[in-house]
Amino acid sequence: MVAETADAAASGIIRYTWVIALLPFISAALILFFGKRVPGKGSGFGILAVGAGFVMSLAVLWHFVQGGGIYASSVSWFSVGSFEIELGQYVDGLTAVMLVVVTAVSLCVHVYSLGYMHGDVRFTWFYVVLSLFTGAMLNVVIADNLIQLLVGWEIMGVCSYLLIGHWYEEKENSDAAIKAFLTTRVGDVPFMFGIFALIFATGFTTSNIHEISELVGGPGVSASLVSAAALLLFGGTIGKSAQFPLHVWLPDAMAGPTPVSALIHAATMVAAGVYLVGRMYQVFLAADPMVLQVVGIVGGITMFGAALLALVQFDIKKVLAYSTISQLAYMVILMSVGEAGRNAAFFHLFTHAFFKALLFLGAGSVIHAVHSNDMRDMGGLRRTMPVTFWTFVIGSAALAGLPPLAGFWSKDELLVAASEGHEVVFTLLLVAAVITAFYTTRMVLMTFFGELRSDAHPHESPASMTGPLVALAGATLAVGFLGAGPAGAVFFDWVFLEHPEAVELVPWVAGLSIAAAVLGVVVGWFVYRRYRDPDPTLEMGGFSRILVNKYYLDDVYLKGIVHPIRDTVSAGVYWFNQHVLDGVVNGAARVTRRAASAIGWFDRTVIDGAVNGAGQVTRGFSGVLRFIQTGNVQWYAVALFVGVIALTIVFVRIA
Amino acid sequence: MIRLPLILIFSAFLFSAGVYGVLARRNAVMVLMAIELMLNAVNVNLVAFAAQLGDITGQVFALFVIAVAAAEVGIGLAIVILIFRNRATINVDEVNLLKW
Amino acid sequence: MSAIDYHAILPELILSGTIVVVLIVDVFLPANRKWLAMPLSFVGVVATLIAELTLIGSTPRSTFGGTFVVDNFAVLFQLFFLTVAIVVLAISLRYFREGGFYQGEYYFLLLTSFLGCMLMPASRDLLMLFISLELVSAPGFLMAAFRKSDPLGNEGGLKFFLIGVLSTAVMLFGMSLIYGVTGGETGLSAIASKLTGLPPEQETLALAAILFVVVGFAFKVSAFPFQFWAPDTYEGAPVPVAAFLAVASKAAGFAGLLQLMFVAFIGQWEFWVPIFAFLSIATMTVGNLVALQQNQVVRLLAYSGIAQAGYMLLPFALVTNDAVTNKDAFAAAVTYILIYGVMNLGAFAVATAVSRRHPLLLIKDFAGLIRTAPLLAVGMTTFMISLAGVPPTGGFWAKILIFRVAIDRGGSLGVSLAVIMLVNSVVSIYYYFAVPRQMIFEPAVDESRLRSPALVTAVVAIAMIAIVALFVFPTPFADAAGISTLVGG
Amino acid sequence: MSAQEYAFIVLAVVGSASAIAVVTARNVVHAALYLVLSLLSVGGVYLVLGAEFVAWVQILIYVGAIVILFLFGLMLTKAPIGRDTLDNQRRWLGALVGLGIFAGLVFMIQDAFDVRGDAWAFEPVQATTEQVGSAMFRSYILPFEAISFLLLAALIGAVVLARKDDAA
Amino acid sequence: MNWQESAITITTLLPVVGALVILFIPPEKDRLTRGLGIAVTGAALVLAIAIAVTFDYGHGGLQFTLDVPWIPAIGARYHVAIDGISMPLYVLTFVLSFLCAIYTWKYVPEPGRTKAFIALMLLLETGMAGTFIAFDLILFFVFWEMVLVPMYFLIGIWGSSNREYAAIKFFLYTLFGSVIMLLGFLAMYFQGPEPHTFDLVRLTEFGSAGGFSHTFQLIVFGAVALGFAVKVPMWPFHTWLPDAHTEAPTIGSVLLAGIMLKMGTYGFIRIALPVLPEGAQAYAPWIGGLAAIAIVYAALACLAQKDLKRLIAFSSVGHMGFVMLGIATLTEIGIQAAIFGMVAHGVITGMLFFCVGSIYDRYHTREIAVIGGGMGQRMPKLAGVFAFVAIASLGLPGLAGFWGEVMALLSSFEPGAGLNVALFRAFMIAGGIGTILTAGYFLWMLQRVNLGVMPENWREHSFSDILTVEWLAWLPLLVGILVLGLFPRLVFGVTDNAVASLMGLFGA
C-alpha cells in the first residue's frame, strides 16, 4: 500500500531515497552489537553507511539538477481510529540538498572522529550514537508527515544529549547534556501541540505535511487555529535552533566532543529548526502576519544577543557556538520576510553548514593540539598547524562574509531579500555583519597569531582530521557560487524547481555587505593584532559584565526555575504527599483506632467496671481483679434490663 | 371470682423485686434467690392464665419451670462454691494464677 | 393422639443412648483411660449422624402433637449440629486429656448440650423451645466453668450462668404472657394465628411479650446489649467449649429465633423489624469496634462472633409481608450461620492447637506460626480472611447473600443496613488481619516446630478446604438454606 | 370482691412483702427464710387458683429442696452479714430499674386487662392431678424426657464443679 | 469443549494448577521448584500466544467465549471471553510472569522459601490474567481480589525493611477501594435489567441503551471509579503505591507495576465507561483533571526522591496519569492511547524495576546518593540498559513509551462530544509540562546513578555486569520496548476494532 504522488519522470534512485535515511540506523545497530568485535571498532560501519548515503544523496540531487520532479511515497505505519500515521518520503530539491549537506558533513565528521576520538574509552559507542543521529536527522529531512518528523526530531535530541554527555565522568558535561535536552524539550512541547493543532485541522485523519499545507490556506480551517499552530511550531524551532530565549543550551553543549559540535550543534540538528519553518512555510504564510513578525523579532533579538556574547568568549568553541546561534537567527529573520527570504534562508542554511562544520572541526584540531579550549592558552598556531590554519581562515572568511566565499553569497542573498521593503531588517543585518566579522577576526588572531601562551607542544593533526578540513574548505569555497547571482544561482533552481525570482547581485547591497565585513575585520585587526590582557571586550564596564554573565539568563533559569522546581517545589510536593495525602490515609486509620479505643474504653471501664480497665495490660492480674469484682456481672445485668426497658419503651410505644 | 389483673400485678411485683435483687445484691447466693423470685413470677402468671383459661398447659409449663429452676439453682450453687473455693486460695496461689 | 414417630426422633434417641452409655462407662474407666469417653461419644455421634441422614427426603415429619417437627429446616440444622459435634469432639480429645479435666463428665455434658441443639430446630412449641434452650445452656454453664482451678474460668462460668438465667427468666415471663394473651396457645403456628386477631388493648402487652421472648434468644446469640458475658466466658472456658459456645450454642439460638420470628411472630413483623435492625446494627458495630482492641485470640473471636451475630441478625430486619422476601432473608441468614460455623470452628481448632504451647493465647503468641506450624497458619489465615468476608473464601458469599437480599428486597432500610454492614466489614478487616500479620511477619519466640494433634490438624485442613471450596462453589449451602425454609413453602 | 380474692390479696401481700424482705434483708439466713415465706405464699396463690398439684410441687421442691440448697450454699460460702457487704453500690440503680419494670408491666397489664372492672374476673376450677399428669405424659412426654437429661446434667455437672479435687 | 471455549480457561487456570503441584514438592528440591515455575509460566505463555495467534483480528466482538452458570443463587455466571481490548494485556500478563519466573531462577529474595514464593507468583498470575477475561462482574471481582492476597504476601514476606507497613497499607487501601467498587457492582446488579445480572455484556447493552438513570450513573460511576482509581492509582489515591513498590521484592514490583495497575485502567475501559456512559461523561473532566495533576505532581515528587525504587514508583503514577487522561477524553484515539500506554508502561516500568532490582542486588542500597554515580564505568551494560529503559520511559519516539503519551495528549486536544475543549487543552498543556519534568527527573536520575565517577567506597567492591539469567529475563522486554515503538500497529491494530465498537456505545 505504497501511495505515490510521483512525477512521471521519477525513476531509479529517487524511489529509494528512504534507504539513505535507513542506512545509518542499520549501521548504528551493527556498531552496537558487533562494533567491538570488528577492526576499526565499528567506525567502518558508520563511515560506510554515511558514505553510501552521501553518494546516493548526490545521485538524488543530480535528479533535481537535471530538472527532475518531486517524488513522494508512503506506507501506512499504523492507524489509531481515523488517524492514519504513515511512514513516507517526500523528495524535492530541498530534501535533496539537505540530504547532501547532512551526509556530507556527517561523513566528514565520521572520518574526522577516527583521529579525534582515537583511544577514547567509548569510541564504539560514540559511533553508534553518531550513526543514530545521522539517521534521525535524515529521517527529519525526508519525512512527509509531522509524526514521522517528530520521531526523528526527538531521537536527534536524545543523541545530542548522549553526545554532549559523552565524557560523563565530568559532572559539567552531563549537566550540559541534561540542559540541552530539557531546554530543547521546552520548545518541543509547544511544537508537539502545534502538530496536534494541524492534525486536528485535518479532522484527525493525517499529519501529512503536504496535505496540511494545502489545507491551511483553504476555507475549511480557521485562521486563528493556523496562527496558533504556526506559533507553536515555531516553539520547536526556538528550542532546536537555539533561539532566544531557549538558546542557552547551545553554548553549554560545547562540552561534547568537538566533532559532535560540528555535526549536531552547528551544521545539522540546530538547522533543523529553520528547516522546519521552511517545510511548514505554508502554515506560516496562512497564519496571521503577526506570527511572522514574532519570528522576525525572536530572530533579531537572538542575532544581536548572540553576536554580542561571542565577543567576550575565550573558549574557542563558545565563540563558534554563539556565532552559530547568531547565524541561525539570521536564517530565522529571513524566514520572517516572505518567500524570497525563505529561499535565502535555505541557501544560508546550506552554506553555513559547510563553513561552520569546517570551523568547528578546525577548532577541534586546535584543541586536539593544545589540549585546551581557551584561546588565551593558544596563539601562534599558524606556524605549527598550517593546514588547520588555512582551512580555518577560509571558514572564518566565509563566516565574516568576505567574498567570494560561501558566507558572502548567502549573506548577500539575505541582504538582497531584506533590502526590498524590510529596511529595519536590512540595517540590523548589516550591523550584525560588522560584529560577526569583528569577533571572527578576534578568534583567528587570538588563536593563530602572536605567540603560544601555554606550554603545550602543538603539532599538526593526522590526515584523518585534516582531510575533512580540506574537503570542507573546498566545499566552502565552492558552494557559495551555487547561489551566487553572477553564477546563475542554480541552487534555487534545484531547490525550488523553478527560479522563483531573479537572484542577482545588487551592486549597492553587495558593496554595503563587503564594507560591513571589511569594517569588522579591520577593527578586529587593530584591536587584536597584538594579544591583549585583559581583553578589551571585558573593559566595557557594565556592558561587559552583562555579556560575561550572558544577560543573567542562565541565572534566571537556574535559580528562578530549575532549582526551585527541582529542590523546593518537588520537596514541597513530596511533603504534601507524605504528610497531607498519606496523612489522610494514616489519619483515617488512627481515627478508627481511636474510636475503637474509645468504645473499648467504654466497654472496659464503664461496663466492665473500673477495675477491669487496667486488665488489658496485665491479663493475669486482670483475672484476679475481675474475680474479686464478681459484682461487675451485675453491670451486664443492668445492661440487659436497661436494654429490655429501652427497647420496650422505644419500640413498643412506637408500635 | 378472682380478677386476673391482680394476679398479674402480683407477678409483676415479684418479678421486679427479683430484678432489684439481682442488681443490688452483692452476694452470689442472694442473687440466685432473687432469680428464684423472678421465676416464681413466671409461674404465677402461667398458673393464673391456666386457671383463667381453664387450660392445663400452663400448669404443666409451670412444673417444667420449677424443675428447670431447681436445676439452675444446683448449677448456680456449684459454680458459686467453686468460685468461693478458688477465691479462698487466691491469696496463696497468686503466683500460680500468673501462669494463665 | 397419634403414635410416636420413632424414626423422627431416632437421632435424638441414639444420642440420648450415647449420653447414658458415656455416663455409665465413664464410671468404670480407670483414670488414665477416661479419654476413651471421647471415641465412645464420637461413635455415638456418628451413629446419630447416620440416623439423621436417613431422614433426608422423608420430611416433613410431625410428632408429639405437632410440638416436634422434622422438616428440611430441622434436618439441615441437625446435620450441622452433628457435624459441629464431631469437630468439637475432635478438638477436645487432646485438650482435655492433657489439661487434667474431668473427661467423662465433660463428654457427657457436651453431648447433653448437643441433644438440646438437636431438639431446638424441631421444636414448634414454646415449652419445647424453652426446654431445648435450657438443655443447651445448662450443660454450657457447667462446661464454661470446667477449668476449675482457674478463677478466669469460674468467673466466665458464673457470668454466663447469671446472664443466662436472667435472660431465661425474662424470656419465660414473656412466654407466660404470650400463653395468656393467645388464650392458652403454646404451638408456634397457633400463636401466630391467635396473635393477629388480638383485641387492640392487649396488643401492647403482646408486643412487650414478644420482645421479652426475643431477649432470651438474643442472649444466646450474644446480641447487644445481651452480649457482655460472651468474651469473658469464651476466654475463661476451655477452648473447645468456647468453640462449642461460639458455634453450636449460637446457631441453636438462631435456630430458635428463626422459628419464633418467621413462624410465631411473623404477623407482628412491623413491630419487631426495627428492633432487629437496631439489634443488628448495634451488635455488629459494638462487636467490631471492641474487637479492634483485643490482644487475646479467643476474646478476639468472641467479639468477632458478636459482630458476626450482628450480620446474621440483619436478614431478620428485612422481613415484610412478602413471602418471597422472607424466604430470601431466611435463606441468607441460614447460609450465613452455616458458613460462619465452618470458619469459626476452624479458627477455634487452630487456637486449640496453639494453646498447647501458649495457653494464654495472646495474639502475639501466634507470631511466626507460619514457620512453626505452616498448615495451622495458612488455615488460620484462611479463616480470618473468610470471617472478614474477603474473597477467595466462603465468608465472602455469606456476606454477599445478605447484601443481596438487603439491597434487592430490603428497600431503603435494607440498603442502609447493607451499607452499615459493609462499613463494619471493612473495619473488621483490621483486626482479623492482626492474627495473620503476627503469624507471618513476626518472629516466633520459640521457632521449634509446633506439633498439632492429628485430629485438630485434620479439622483445620478440612475446614480450610471447605472454606475455599465454598468460595468457588457456594451453591450447595445456599441451596440447602433455600429448601430448608420455614416460610413460603 | 369474693372470698377467693380476699385470700389471694392476703397471700399476695405476704408474698410481696417477704419478696421485698428477701432482696433487702441484711442477714443471709433471714433472707433465705423470707424466701421460704414468699414461696409459700406463691404456693398458696396456686391453691387459691385451683392448681393443687403445682402448689404441692412448689412447696416440696422450693421450700423443701431449693431453699435447703440455698442454706447449704450460704453455709459453705460463709457468707458475711450486713448491708454493706451484702449490697453493692448500685442498689439505687437497681431500685430504679426494678421500679421501672414494675411500672411498665403494671401499665401494660392494666391496658390489656381492665383492672377495676370485672371483665377479667374468673372462677378458678380445680385442676386434678390426673389432668396434669395426663397432659404431661401425653403431650409433653418429650420435654419431660429432655428435662430429665437436664436434671441429670445439672446434677453430675454440679457435683463435678463443687467437689474438691485432690490433686489439681 | 473445543479450543474456542476452553482455551482461555485452561490458560488462565494453568498457573494455579502449577501452584498446587509446587506445593507438593519437598522444600529441599529448590531447583525443581524454580524450574517448574518457569515451565508452568512458559506453558501458559505458549498457550496465550496460541490464543493470540488464533484470534480473529478482523472481528470486533468477543471471542473464545465460555459462558456457563456458576452461582445460580445470585445469577453469577462463569463468563470469560477475550477481545481486542483484553488481548494485549492478557498476553502481557503471561509474558511478564514468565520473565519473572526466569528471573527467579537466580533471585529469590530473603528469606528464601522458594516454594511459597513461586506458588504465590503463579496464583498472582492467574488472578491478573483472569481479571482481563472476566465478563461477569462477580467473576471479575473474584479475580480482582485474588490478586490482592498473593501480592500482600509477596510484599509482606519478601519485602525490605518496612514491608509490613507497606503490605498492610497496600492491602487495606486497595481493599477499601474494591469494596466500594463492589458496592457499585451490586448497585448495577440491582438496578440493572430483569432478571438481575452481573453479566457485563448484558449490563453494557442495558447501560448503553440508557437503562440507568442519570443520577444513578453519577453515583455508581463514582463508586466504581473510586475502586478502579485506587488500583490505577489515580492522584490522590496513590499513596499506597510508593510504599508498596519500595518494599516489594523485584518480582513483586515488576508485576505490580507491569500488570496490576492496569487492572484499574482496564476496569474503566471495560466496565465503567460502557455500562455508565453518562456517568463517564460527567466524571470525565474530573478524571482528566486528576490525571493532569498526577502527571505534573508525580514528576515533581520524583524530583524529590532519594530512593531509586521510590522514584520509579512515583513515575508510575505519572505514566498512569497519561493513561487516565486518554481514557478521560472518551475518544477512540484517547482510549487506544490508554491501552497502548498500559502495555508500554507494563513493559517499560516492569523493566525499570528489574533494573533497580539488579542495581540493588549489586549495591545493596537503593539510595541514589549512596550509589553515587559512575555505574556506567564499571557496569556499562547494566548502565546502558538502565539508561535505555529510562529514556524509553520518558517518552522517546521510536520506543514504546512515546505512543501512549503522545496519542493521549493528541486526543485531549479535542475530547469527546460534550466535554469542555478548553479544559482538556489545559490538561494537555499540563501533560506537556509533565513530559518536560519527566525528562528532567529521569535524566537527573541517570546522571546521579550512571554518570560521573564511581565514589571511593565502591572502588574496591567487585561488581558483575548483567548476568545471563538477567539477559534472558530482560531481552524480551528490551526488544519489546523497541518493537512496540517501531511497530505500534502491534497494539493499535489489535485494539482498533474493539475500541471502535466500544465508542459506538457512546454514539460518537
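Residue numbering begins at 1 within each chain, and the chains themselves are lettered A, B, C, D and E in the order written.
Here is the rule we go by: a contact is a pair of C-beta atoms (placed from the backbone, for glycine too) under 8 Å apart; a residue touches a chain by one contact, two chains touch by 3 or more.
Not measured: the values here are computed from a predicted model.
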item: Partner chains that chain C and chain D have in common; value: A, B
item: Remotest chain, chain E as reference, centres from CA atoms; value: D
item: Chain pair, most C-beta pairs within the contact cut-off; value: B-D
item: Farthest-lying chain, centroid of Cα atoms versus that of chain C; value: A
item: Central chain (by mean CA position); value: E
item: Rounded Å distance, chain A centre to chain E centre (Cα mean); value: 33
item: Mean-CA-position distance for chain E and chain B (Å); value: 66
item: Approximate Å spacing (C-alpha centroids) for the pair chain A, chain C; value: 76
item: For chain A paired with chain D, centre-to-centre distance based on mean C-alpha positions, whole Å; value: 101
item: For chain A, residues contacting two or more additional chains; value: 589, 619, 623-624, 627, 630-631, 634-635, 637-638, 641-642, 644, 648
item: Sites on chain C at which at least two other chains make contact; value: 127, 131, 134, 138, 141-142, 145, 148-152, 154-155, 157-158, 162, 166, 170, 204, 208, 360, 430
item: Shared interface positions of chain D, touching two or more other chains; value: 88, 90, 93-94, 97, 101, 104, 109, 113, 139-140, 143, 147, 150, 153-154, 157-158, 160-161
item: Topology of the chain contact graph, where touching chains are joined (line, ring, star, complete, other); value: other
item: Listing of all chain pairs that touch each other, if any do; value: A-B, A-C, A-D, A-E, B-C, B-D, C-D, C-E
item: Residues on chain C engaged by chain A in the complex (per definition of touch); value: 150-152, 154-155, 158-159, 162-163, 166-167, 170, 203-204, 207-208, 211-212, 215, 219, 224-226, 228-229, 232, 268, 270-272, 274-275, 278, 286, 289-290, 292-293, 295-296, 360, 362, 427, 430
item: Chain D residues within the chain C interface of the complex; value: 104, 108-109, 111-113, 138-143, 145-147, 149-150, 152-154, 156-158, 160-161, 165, 167-168
item: Chain E-touching residues of chain A, taken from the complex the two chains share; value: 77-83, 85, 150-155, 158, 161, 165, 168-169, 171, 174-175, 177-178, 181-182, 185-186, 189-190, 192-193, 196-197, 199-200, 204, 565-567, 569-571, 573-574, 577, 581-582, 585, 589
item: Contacting residues of chain A [partner chain C, same complex]; value: 589, 592-593, 595-597, 599-600, 603, 607-608, 616, 619, 623-624, 626-627, 630, 633, 635-637, 639-644, 647-648, 651-652, 654-655
item: Chain B to chain D touching residues, read off their complex; value: 1-10, 12-30, 32-34, 36-37, 40, 43-44, 47-48, 50-52, 54, 56-57, 59-60, 62-64, 66-75, 77-82, 84-85
